[in-house]
Amino acid sequence: MGCEITTRERAGVINPMYDCQPAGAQYAGIGMKDCIPLVHGGQGCTMFVRLLFAQHFKENFDVASTSLHEDSAVFGGHKRIQDGVLTLVRRYPDLRIIQVITTCSTEVIGDDIEGNIRYAEEQIAKEFPGRKVYVVPVHTPSFKNSQVGGYSECVLSTWKTIAKEKVAPTGKLNIFPGWVNPGDVQLLKHYAKEMGVDASIFLDTQDFDSPMLPDKSIHTHGRTTVEDIRASTGALGSLSLARYEAASTVDFLKKEFDVPGHTVSSPYGIANTDAMLRKISEITGKPIPLSLVEERGVAIDALQDLAHMFFANKRVAIFGHPDLVIGLAEFCIEVELEPALLLLGDDNTRYKKDPRIVALKERVNWDMEVVCNADLWELERRIKDDPKKYDLILGHSKGRYVAIDANIPMARVGFPTFDRAGLYRHPTMGYRGAMLLAEQIANAMFTHMEYVRDREWILNTW
Amino acid sequence: MPMVLLECDKAIPEREQHIYLKVEGEDSRDYLPVSNASTIPGTLSERGCAFCGAKLVIGGVLKDTIQMIHGPIGCAYDTWHTKRYPTDNGHFNMKYVWSTDMKESHIVFGGEKRLEKSINEAFDEMPDIKRMFVYTTCPTALIGDDIKAVAKKVMQERPDVDIFTCECPGFAGVSQSKGHHVLNIGWINEKVGTLEPEITSDYTMNFIGDFNIQGDTQLLQTYWDRLGIQVIAHFTGNGTYDDLRCMHRAQLNVVNCARSSGYIANELKKQYGIPRLDIDSWGFSYMAEGIRKICAFFGIEERGEKLIEEEYAKWKGKLDWYKERLQGKKMAIWTGGPRLWHWTKSVEDDLGIQVVAMSSKFGHQEDFEKVIARGQNGTYYIDDGNELEFFEIIDLVKPDVIFTGPRVGELVKKLHIPYVNGHGYHNGPYMGFEGFVNLARDTYNAVHNPLLKLAATDIRDDQAVRFLEAAE
Amino acid sequence: MGCEITTRERAGVINPMYDCQPAGAQYAGIGMKDCIPLVHGGQGCTMFVRLLFAQHFKENFDVASTSLHEDSAVFGGHKRIQDGVLTLVRRYPDLRIIQVITTCSTEVIGDDIEGNIRYAEEQIAKEFPGRKVYVVPVHTPSFKNSQVGGYSECVLSTWKTIAKEKVAPTGKLNIFPGWVNPGDVQLLKHYAKEMGVDASIFLDTQDFDSPMLPDKSIHTHGRTTVEDIRASTGALGSLSLARYEAASTVDFLKKEFDVPGHTVSSPYGIANTDAMLRKISEITGKPIPLSLVEERGVAIDALQDLAHMFFANKRVAIFGHPDLVIGLAEFCIEVELEPALLLLGDDNTRYKKDPRIVALKERVNWDMEVVCNADLWELERRIKDDPKKYDLILGHSKGRYVAIDANIPMARVGFPTFDRAGLYRHPTMGYRGAMLLAEQIANAMFTHMEYVRDREWILNTW
Amino acid sequence: MPMVLLECDKAIPEREQHIYLKVEGEDSRDYLPVSNASTIPGTLSERGCAFCGAKLVIGGVLKDTIQMIHGPIGCAYDTWHTKRYPTDNGHFNMKYVWSTDMKESHIVFGGEKRLEKSINEAFDEMPDIKRMFVYTTCPTALIGDDIKAVAKKVMQERPDVDIFTCECPGFAGVSQSKGHHVLNIGWINEKVGTLEPEITSDYTMNFIGDFNIQGDTQLLQTYWDRLGIQVIAHFTGNGTYDDLRCMHRAQLNVVNCARSSGYIANELKKQYGIPRLDIDSWGFSYMAEGIRKICAFFGIEERGEKLIEEEYAKWKGKLDWYKERLQGKKMAIWTGGPRLWHWTKSVEDDLGIQVVAMSSKFGHQEDFEKVIARGQNGTYYIDDGNELEFFEIIDLVKPDVIFTGPRVGELVKKLHIPYVNGHGYHNGPYMGFEGFVNLARDTYNAVHNPLLKLAATDIRDDQAVRFLEAAE
């Protein structure tokens, strides 16, 4: 009994959990309006990341490439940065933000990103007088960190480039949820509305779930504007919902513009959501309304139907983004699921000291492992060694075959979840998210019971 | 003026050389679009990189081979779960990727040790697997890791394994096409001829440039079985590493995708004297012609005719049902390269469909020669089309369906245009007779989707009218 | 090719699709506030129906019984009606409505329901001067019709008893959705709100999904009040969304109080929802807002991802309430699913002439059967005869074993859906309902592909 | 004043006679609650009907028998998907219900023809099944359909089938208990003795009054197998129709649920002289005692001791883990009848749980005698409790967990009290040693559910405090 924290011992990776830094940076870039990130690297670095986004959201997102070739490897990619930026500016008259995102190759080559950006900006100023395009240097070598850090880095760099001065107080609250789904963004907006809080969600990715409209217009991009970013310096506070994805920009706003910074545990599960709402209430002075008490009650009611009847004593393996994995583990304990394996997929050394991990470690009275810098082979190998080790898998679709081949029910959660329809549309955060995830878990278990003919008759009446 | 400068390309006028509109009466040979050239940065092209051309398109298809990617994690992550090439041994090839997960220290101090460790680990963790491809990527190529030396060392220490190395980093060449070339040439030079096949038929061939998309290879294999032809190696659909080492023993190389695999067929001819026979496997007429050519080569024409007759009896009626309902529909093809010429005439002949625009990601001059020869007048032929061009072309030709990838499919969906997956298929296989009925069916279902009509309705539109009526 | 309409030929039923009339009447009764239906019959007639509701909603609903015994069979159940009503009135001081719901036994015995109600009302007047309790006679012999008719009958009888006079114009719109889920009620309220329409949903069953609250209060009952029912006579119109469950009360309001009555096809799928919104717009003069155009667009966008790739050419068997089954068949055609078998589960002879059925018959160019007065054995036998006859089953959980044993993916929809978590919480009506149902169908198919290893790899990228 | 008139019962003072509070020092034999009496109309009692007592509780358990319900559709619909008694042949019993679907014309003109047709259809549609129970329901009893005559006619025409008829309409008696009685007596009189079993052991018994809830019967069967005792008939868990016809050949009748099945044990004693032995199968001490009694009867005590020892070794430690954590928890039991006395002392002895309130739906005087004898002081003993009484009792005794059905479980959930399914179990079986550990585990999980604490929190509660702090 008890919790062990280890690190992957193999050098190589078999089936990675996270993509590389530039991928995360691109994800941040598409979350802004009138923005096309420009990836400085080989074309594949863009092409496959765009495909990845399409797999998850069933949407196309615009990301450009500098199309690095051999000549750049030899002579440097300066010209390609400049051409890339200018071609974008020339062909997209509404464009206002371009993140120049570096990759492994261009970091190895050592291209002077800042210098080339300055040059490009001069060109823009000459060619388009009066037009302001923010060109943001984003240093995300693929051989450091992962998509998690890349996301954080791109948000921070964009803020540093655009949020240059303190504006007059706006009365708004900045909420930085980290890398979440449109369903989560909608949920946060709903909570803010119910509380009468004027909140800016950074990044506002609600339209990552975008419509087919009669006028054929396309709205598949973030809603966060240059103005929103500038206005964030006058907010009455910033709230980070993700330690590894959002906290850095909250810190930046605090240090540079004295915007009070707050951090809560990612709001997965009931107690974490309680803490978030209380924190919002504390920051804004707005009380939590009855409507949210009721919404909370409906969620708890739904969870209570499932917890001790179906979830108790079920051992769960969880993988995905670190803030999500930790939050899900906390949620699991609320509903009597036993988190037995947490996989965190990059070499960030701070995880081991994360107070939430420390608290989990102190709390569990069952066998639990936290594996840092893990790949999905860590999960698969444990199951190969002991096929009954886990009763449930929570994670993104990259781990689907572990579940399929080992015949373990799996609820898809996180990014990417390409092998189920519509998941990105629904929240995982908040009371509603906890409820929906529990429903999804239960229904995965129920379906499993039917397919393997294991007490499926119990579902006739419960 | 058959070369076209689109409105959206005013700022990049060099794009005029890449877009051709075929016009009656002009000699199209004078107007071949420039192809296989470097992409203009920032254009939102559809191209991938050389590494993916090698790993994702060709090597990763093999069903018994570890694909070790020597580089940072993204190159592995990104070339996983993006393809639809099943195998008959449980899709090992689609379930796993391997990476040396290069970190900064390895960039600084070199990654060969890490590669060696990763290779050994991979073989240790998967003891049933004895074959491996190792790929360089951009940074490991830039720092000059000697992957061949590492592979050699491991092979010495583990005599039961065999490793092939492929050095085509993402920045090599202008597109994935470079990766095809590197892998083809490397394989023929290093691996073909190192193993002898068991010959079980008087008629032997390699089937080259077919990657078993949704079971293409497996469907065609039923034809070869019925014809009594032994396929020594499938390059690379549902294939094995060792089969590919035996390619030198085939009497004939049948090539479907010349772009990805013509190189190896040419080398096999050069080095071993094996004749190359190009066929089209998509479309009824083409498939029948291909079977006839192969059977003629072996002198088993009557077997071929019997097969064709049986297949026509089984599938032609179904094809015609769809043809009747697809007649005159306008299609665009935005895929890699060769499918443009494989499909443009086959959908015209077999389904009555008019192909109105085609864009190739990585086609070369010979591909455009072929596609323009086979294509219609009034059709746009585009090299390396980009997003704004796509919008403009759609406006110009108003296609009813676009054969392209899922992401671009999602994009054109907003314009109320359905797509069919031109890379991985919707519900394949699409090769062979049965396969082309599948293609017809998917096209029919795409075009006749009632949602398209619903999408075009603005439910507010007739409000004024209704209020008026209500008031009366 | 073509559609055949037949009727079950067997006398007996194996695995019924619907419960009996009194069950439907009870479902209507619980939809009102300060109301406890009183079932005049054996105790089982109440007990199991309450269990059925609990199976579906995971909630307790209050329904009382007159606890009929042998003596009543011989001497009549008068005393038990009177005692039942008075006991309820005495012990539940807030009670305002009691439906006295007859059953097979008490209809055979021929108890004078109206007479006994009059007597009970006199007693109430004496004992509780100034207190008004509506005691509603509901004649629902179990040997006629089914739960569908029983629901309709109870709503109508309650209206007849309470809606006695025309009130001043309220400017409200009465919407009668029929027997639907709380998720549907919430959806309809949302639509009304977006359109600025003041609508009364009859019955307002939103709280059938009710919370666990810190104060332990219980809200598990309908919200429709005596006042709401009275006010319905002053509405600017009534809209029926269910021909067999709601139209009768709309007709009553029209005939008795000149409230304009309107009927639309049940709003399952896009086109039917369009028609409903247009009708609401027409009745109220309120335009359809952009927000609903966008919501519609998101739904169509989601459906388009699934229709021709996964749904086309899939043959579907559908069973459940008649308005639902017909609506789902129409929805199926929109997304390229082929409705191949529709089962309607009672002896209502009007189904065959239903214009929607007639239209379907004219429209389909594939083999389709509509079986009236069907049981679930009709489905099972067809599959036993031809295991590949259907690719998908849409229906409620009573048919679950057909799907499980035949290994056919099944999406649960309708009433009851006890073998999946949370379904009642989500709408099936409207754009959102269509989208969620499509997601559920797709995910059932996807899960099936994984369990039977049938091209499950296709889901890696689509 | 051990009989209690609750506040909510002021309007129905006769309820005082049904609620007993056991008090130290008084002779509880003077204060037995009135039971098996007619329910007051309109009280929201928990009782079912006689029909369900026969069909749902006993007959419908059989794994090879069609249960034909002669009546309108509801009686069939409502007694389907409400029970958890699996079988080892794929749960035929839980998958199907059969109804004659009586309509008005059959009420007017009689339903015998329809019944006959329905019986024949059912046998035709399910040709592997040769056994059937036929039940009357309220309306077919009222119109006087002669179901026995119909059954006889069919049996004459189909010599390979056997049909049992059960005439207990829903209005018979005061609760489901009447149905148990009717079915028991009918079966012994009509079917027992009509078939001879194959005897395979020197020790034979019937196991009576156990319905294989979540596999209870199957778990206990492993004990009988290990003891070498042949169970001729299980009445009726996982049982077959024909086994039940052979009950007369057992040496011993072991009775678990005396309420539902004591009748048949008594008749077997009267008519065939087979001794009746009552045991408790829930709880470690009880189960051990039961095994000892059975073994003593057969003179195989040492086998019994070995079994008990093995089971204790395997399960006692687990039980104790839970006991430690459940010590002092307060439990209410609101179930049918006998489980009150089966459980009250076993959870006390084996788990340290205090049972603070019990309500029986259909217990008779002998049940209350037993439960009050076994129960604690300070505990409420209620006959036919109703909803308002439940609320009031909860307020009085504040249970930590309630063993009851799912619907009432949903009700008490709103009061932040967890339930364990006292009818169908949460995750059973609950009988035997392993089973009681399951019960302990489910109770523990119910009581220690973190959601209960969260539910009690009002997130607005400390707002005033927080605003104050924030202002400082």
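Which chain is which? They are A, B, C and D, in the order written, and residues in each are numbered from 1.
As a convention for this text, a contact is a pair of C-beta atoms (placed from the backbone, for glycine too) under 8 Å apart; a residue touches a chain by one contact, two chains touch by 3 or more.
A quick note: this is a predicted structure, and the numbers were derived from the prediction, not measured.
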| item | value |
| --- | --- |
| Higher-contact pair (C-beta pairs counted), C-D versus A-D | C-D |
| Centre-of-Cα separation between subunit B and subunit A, whole angstrom | 32 |
| Centre-of-Cα separation between subunit D and subunit A, whole angstrom | 51 |
| Separation of subunit A from subunit C, taking each centre as the mean of its C-alpha atoms, in whole Å | 40 |
| Subunit B residues counted as touching two or more neighbouring chains | 81-82, 406, 410, 413-414, 455, 457-458 |
| Shared-contact residues (touching 2 or more other chains) in subunit C | 51, 55, 58, 210, 212-214, 293, 296-297, 300-301, 304-305, 397, 418, 460-462 |
| Chain contact graph, described as a line, ring, star, complete graph or other shape | other |
| Residues of subunit C that touch subunit B when the two form their complex | 270-271, 274, 277-278, 281-282, 285, 287-288, 290, 292-293, 296-297, 300-301, 303-305, 307-309, 312-313, 333-336, 455, 457-458, 460-462 |
| Contact footprint of subunit D on subunit C as seen in their complex | 10-16, 18-23, 36, 38, 41-45, 47-55, 58-60, 62-70, 72-73, 80-81, 83-88, 90-91, 103-105, 108-109, 141-144, 146, 210, 212-218, 220, 347, 377, 381, 397-398, 401, 405, 418 |
| Complex interface listing, subunit D residues touching subunit C | 8, 11-12, 38-52, 68, 71-82, 95-104, 106-107, 114, 117-119, 121-122, 125, 137-139, 142-143, 169-176, 387-388, 405-408, 410-411, 413-416, 455-458, 461 |
| Footprint of subunit A on subunit C - complex, ascending | 51, 55, 58, 209-214, 293-298, 300-302, 304-306, 397, 400, 404, 418-422, 425, 435-436, 438-439, 442-444, 446-447, 450-451, 453, 456, 459-462 |
| Subunit D - residues contacting subunit A, complex | 81-84, 86, 91, 94, 214, 406, 410, 413-414, 418, 421, 424, 426-427, 441-442, 445-446, 449-452, 454-455, 457-460, 462-463, 466-467, 470 |
